[in-house]
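In what comes next, subunit A is part of two complexes: it sits with subunit B in the first one and with subunit C in the second one.
On to the complex of A and B.
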C-alpha cells in the first residue's frame, strides 16, 4: 500500500483568538468601512463644498426619513420594478446565454444583437419607451431589463464557451452523456462567470431604475434625490443616494451567497 | 543477468494483444500531419510506454486510442472490438489531472461511476477503496485546491482505477510534479500495476522513467510519427528501486534510447 507523508495533512491552525480576529476578513471590511466614513465625515466638516454634508448629518437625515416613513415608501416604489426586471433578465438572460454557448447557430444569430445592445447608450432610448409604455411600472421594468440583459447574456455565453476543455473531455472519456456533461461539468464550471455577469447586470439594472426615476417619472428613490436637491436639503439627498448604494451592495452580497450555496461547496469549506 | 531485447518495428509478440493500432493516420484540420500510418500492438497485462520527441503525436495517439479523437484513417481495436468512441474498458489519466474543483476527492474519484449511474453508497465505497490504494486515506473530504500536484494526480489515477477499466491510458501523469514526488509515485505505480493486472499505456518524456516502469518502450520518430524501435528493458523485479537504477540492464536501456533519440536534437 502507498503512503503519503502525514505532515501534509491539514491541521486546523490553533492560533490565539486575538490574532484570529485581527486577521479575519470581517475585521478588514469593518476597518475599510470606518476609514471611508471617517474620510467622509472629515470632508463634510471642513467643508469641501456647501452642498456636501458630513456623514453624521447625512445619517441623521436618513434616520429622519426612515422615521417619517418617506424612505420606506420610496424604497418600495423603486425596488418593485427593480426586482421584477432583474428576475426576468436573470432567468431569460442566463438561459439565452447558455443556449448560445452550447449552440453555434444560436451564437451567430444572438451574440451580435447583445453586443450592439451593450455598446449602445441605452439611456437615449428612455424617451422612446415613455412614448410606448407611458410613465408607469412597465417602463421602469423595461429600462431595468434593457440595462441588465446584455451583461448577463454575454457573460453566461462566455462562461459556457470557455468551460475547460479538459474537464469536458474527461466527462466524455468516462462515458458521460451530453446532458451529464452539461449538467455536471459545464454548468458548475461556468457558474462563477455567470454570477459575475449577474452582478454586473444587477448593477446596471440599478442604474436603469434610478435613471428611469430621474428622467421619466419623479417617483421612488429617484424622486427623493431630485426633490431634496431642488429644495437644497443636501443631507437628505445624500442619504437617499447612500441608501441606493447600500441596497446595491446588499443585493450583490445576496447573489454571492446564492452562488456559493448552489455551486461552490469548495468555497464554503475555506 | 537479464538482457534488454530490441525488436524491429514489425515485431509481433505472441502474448495476447489488448490494444491494436492499425495503420492509423491523423491529419489535424489545418494540415498538421501528426501520425502517419502507425501500427502498434499493446500486450495484455503489460505497461507499454510511448516515448518520442516533443510534438511527435504521443498525446494524439493516446486520445485516438481513448476514442476522444477520431483517426483520419486506420483503426484501433481494443480486445477485438473496433474503437468508435470512449468505452467502459478504457480509462484515461489526464496530464492536467482534470479534477472537478467543486467536488471533494471522494466525489472526484467516484465521478466515473457517477456518470455510469452507479448508486451513491456503492460508488463511494468503491472510491474509498481506491483512495486507500493510492495512499490518500483521510483526504476524502478535501477539495482539489487543498492538495499538492502529486496528490491530485493520485486522485486522477484512483478515478481511472475505480471504473475497473482493463486499459488505463496515462498521458504524462508525472510531468506536473517534482522529482522526489515523481520517484515515489513511480515506485507506487509499479506496486499498483503488480496488483491490478491491467494493460497500461503510458506517455512520458523521461527516458529514465520509461525504462524504470515499462515492460516495453515504443520509440516514436519525429512528426509525422512512425515507430522507430521497440525496446523491452527486462529489468529484474524484486530488487530495491535504488538497485534497479544502478543495474546494468537499466543503464544499457537508458543509453540505447538516448542514442536513438539524440538525432532529433538540433
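On to the complex of A and C.
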C-alpha cells in the first residue's frame, strides 16, 4: 500500500485547475448568492404574496430606475448624511474608545452612556430629535451617529482593553515608553477589532440613514421606497431596498480591503 | 445526557406549541378587521359602525396599523378579512382579490396660501408648494388643481402631517400648502387674516374605503350585508345629526382614555366633517367610484385612462344597494 504524502495531495489540488476552481472562496461566495437569489425568484414566482415581486422583476425595475437616473439621484441625496455621520462617528468613536480603553476613569464615565445608546430604541427617539434639530440634514446626521457610534466606541474600547498582556509587559520590561507601548504594541494588536467595530458602525449607519429617510422626511432612497410603496410599484420598492443592501455590503467590503492593505500584511496573500 | 435530551424535547414541544398558538386565529369565527390608522377621534365613526354591527353578531377583532399600506398588506395576505384604507393602486397593480364595499371618507383638503405673497392660483405659477409626501393625496390634489388652473408648480417640498405644515405656515417658513379640515381651522385660529383658502376640487375622491377580501365575502355574505347595512345606517344618521357619534361613543364607552378636552371636540369634528362633505352621504355609488378613477389616474396612482377601468374590478356594490333598499335611502 502506497500512502500519498499530504504535501503531494496539496500540490495535486493546486495543480488540478477544476479542483482549484471548485474549492476557491469565490466559488462558494457565488454559490451562496445564487442560492439566495434562486430562493427569491422561486418565492416571487410562486408567489408567496401578491405584492412580493420575483428577483427578475426587481432586477428589471432596478435597471429601469438606474437608466432613467432616479436611482443615482436618490443615492446622491442619501449618501450625504451617511458620509458626514460615518466620518464623524469613526473619528470621534475610535478616539473615545481608545481613550476609555487606556483610562479607567474615562471607562467608568463613558461606557455606560454608550451601552444605553446601543440599547435605546432609536425609532422612538426620532420625534425628540426632530423637535431639537428640525427635519433637515442635522437630524439625519444625528441619527446616523447615534446608530454608528456605540458599535465603534465599544469595539475600540474592548480591542484596547484586550491587547495581549504578555506583549505589553514585554514592551515595558524592555523599557519602552508609554507612547511606544501604545503605538507599537497596543494599537497594532487592537486594529482588527477596531476595524470590526467600524464595519458594524457602517452597517448601523446605513440602517440609521434609511430609518431617518423613512421616518423624518422622505428623501433619497427612503423617498423611492415610500413613493413606490404608495403607488404599489413593488418591484421598484424592492429594488430600492436591494440597492441599499448592496451598497452597504460594498462599503463594508471596501473597508475590509483598506484594513488589509494598511494594517494586516499577513492577510494580504490569502 | 438524558436530562439534556429531555430538556431538548421539552424545548421542541414548547416551540411547536408556541408556533401553533401563534399561527392559529384567536377565534375561529372572529372576523379580523384592519385599520390603516390609529383609533382616534378621526376614526371614531368607523369604530362605532363596527360596534353596532357587533351588537348584531358581527364578532370582530380590530387591529390598528400605523400605515395604510400595512392594513392593505394584511388583507392581501389573508391575516385580515375587512379593512379601511385606499387600496386602488394595489388592487390594480397586483390584481389582489379585494373589493370596496363602502366609501367611508373623502379627500376634503384645502389649498391655503399666505395672502401677502399669493392671492390666486395664477400667482403660484413656478412658485414653491409644500405637500404631505411624494405620491400622496395632497400632491394628487395639487397636480389636478395646477392642471385645471393652467399653472406649473416650482420647487416641490414635502412635510408630513397637516399639523406640521400649519406650524410651518404660521412661522412663515412656507407660503402655500394643502391641509385637512381640522388643520385649516387651526391655521385660521392661529394666523387670523394672514391666510386665504384657494378654490379646491368640487367632487373629492375617496380618502378611505371599507374593503373586503373576495374569498371571505363569498363565504360570509350575510355578515358582509350586516356590516354594510350598519355603516349605511350610521352614516345616514351622522349626516342628519353629527352628535350621534359622540352619543354612541359615550354609550359604548369608547376612547375612554382620551383627555376630556379632546373628547369635547368630537361633535364639532363630525359637524364640520359633515358640512364639508368628508363623510359621504351615500357610502359610494357609480359616480363616486368614477370620480375616484379620474382622481387616482390623474394622480398617477392608477394606470388609466379612467374610462377603461371597470367598476366591478374594484367594487362590490351589491351589499350597499341591498342596505339602501332596506333602509329606504
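Keep this in mind: the second predicted complex is superposed on the first by the 256 of 270 C-alpha atoms of A that agree within 3 Å, B and C clash if a C-alpha of one lies under 4 Å from a C-alpha of the other, contacts with A are read in each partner's own complex, and residues count from 1 in each chain.
The working rule: a contact is a pair of C-beta atoms (placed from the backbone, for glycine too) under 8 Å apart; a residue touches a chain by one contact, two chains touch by 3 or more.
No experiment lies behind these values; they were computed from the predicted model shown.
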| item | value |
| --- | --- |
| Subunit B versus subunit C as contact partner of A:118, first or second or both or neither | neither |
| Partner chain(s) touched by A:56 [first = subunit B, second = subunit C, both, neither] | neither |
| Chain touching more of subunit A, residue-wise (subunit B, subunit C) | B |
| Subunit B versus subunit C as contact partner of A:70, first or second or both or neither | neither |
| Touching residues on subunit C, where the partner in the complex is subunit A | 69, 73, 76-77, 89-90, 92-96, 133-136, 158-160, 300-301 |
| Interfacial residue positions of subunit A with respect to subunit C in the complex | 49-51, 135, 217-218, 223, 226-227, 229-234 |
| In the complex, subunit B residues that touch subunit A | 66-68, 86-88, 90-92, 94, 96, 98, 100-102, 104, 111-112, 114-116, 132-136, 138-139, 142-146, 148, 151, 154, 159, 163, 188, 191-192 |
| Contact set on subunit A toward subunit B in their complex | 1-4, 8-10, 164, 166-167, 169-177, 180, 184-185, 188, 263-266, 269 |
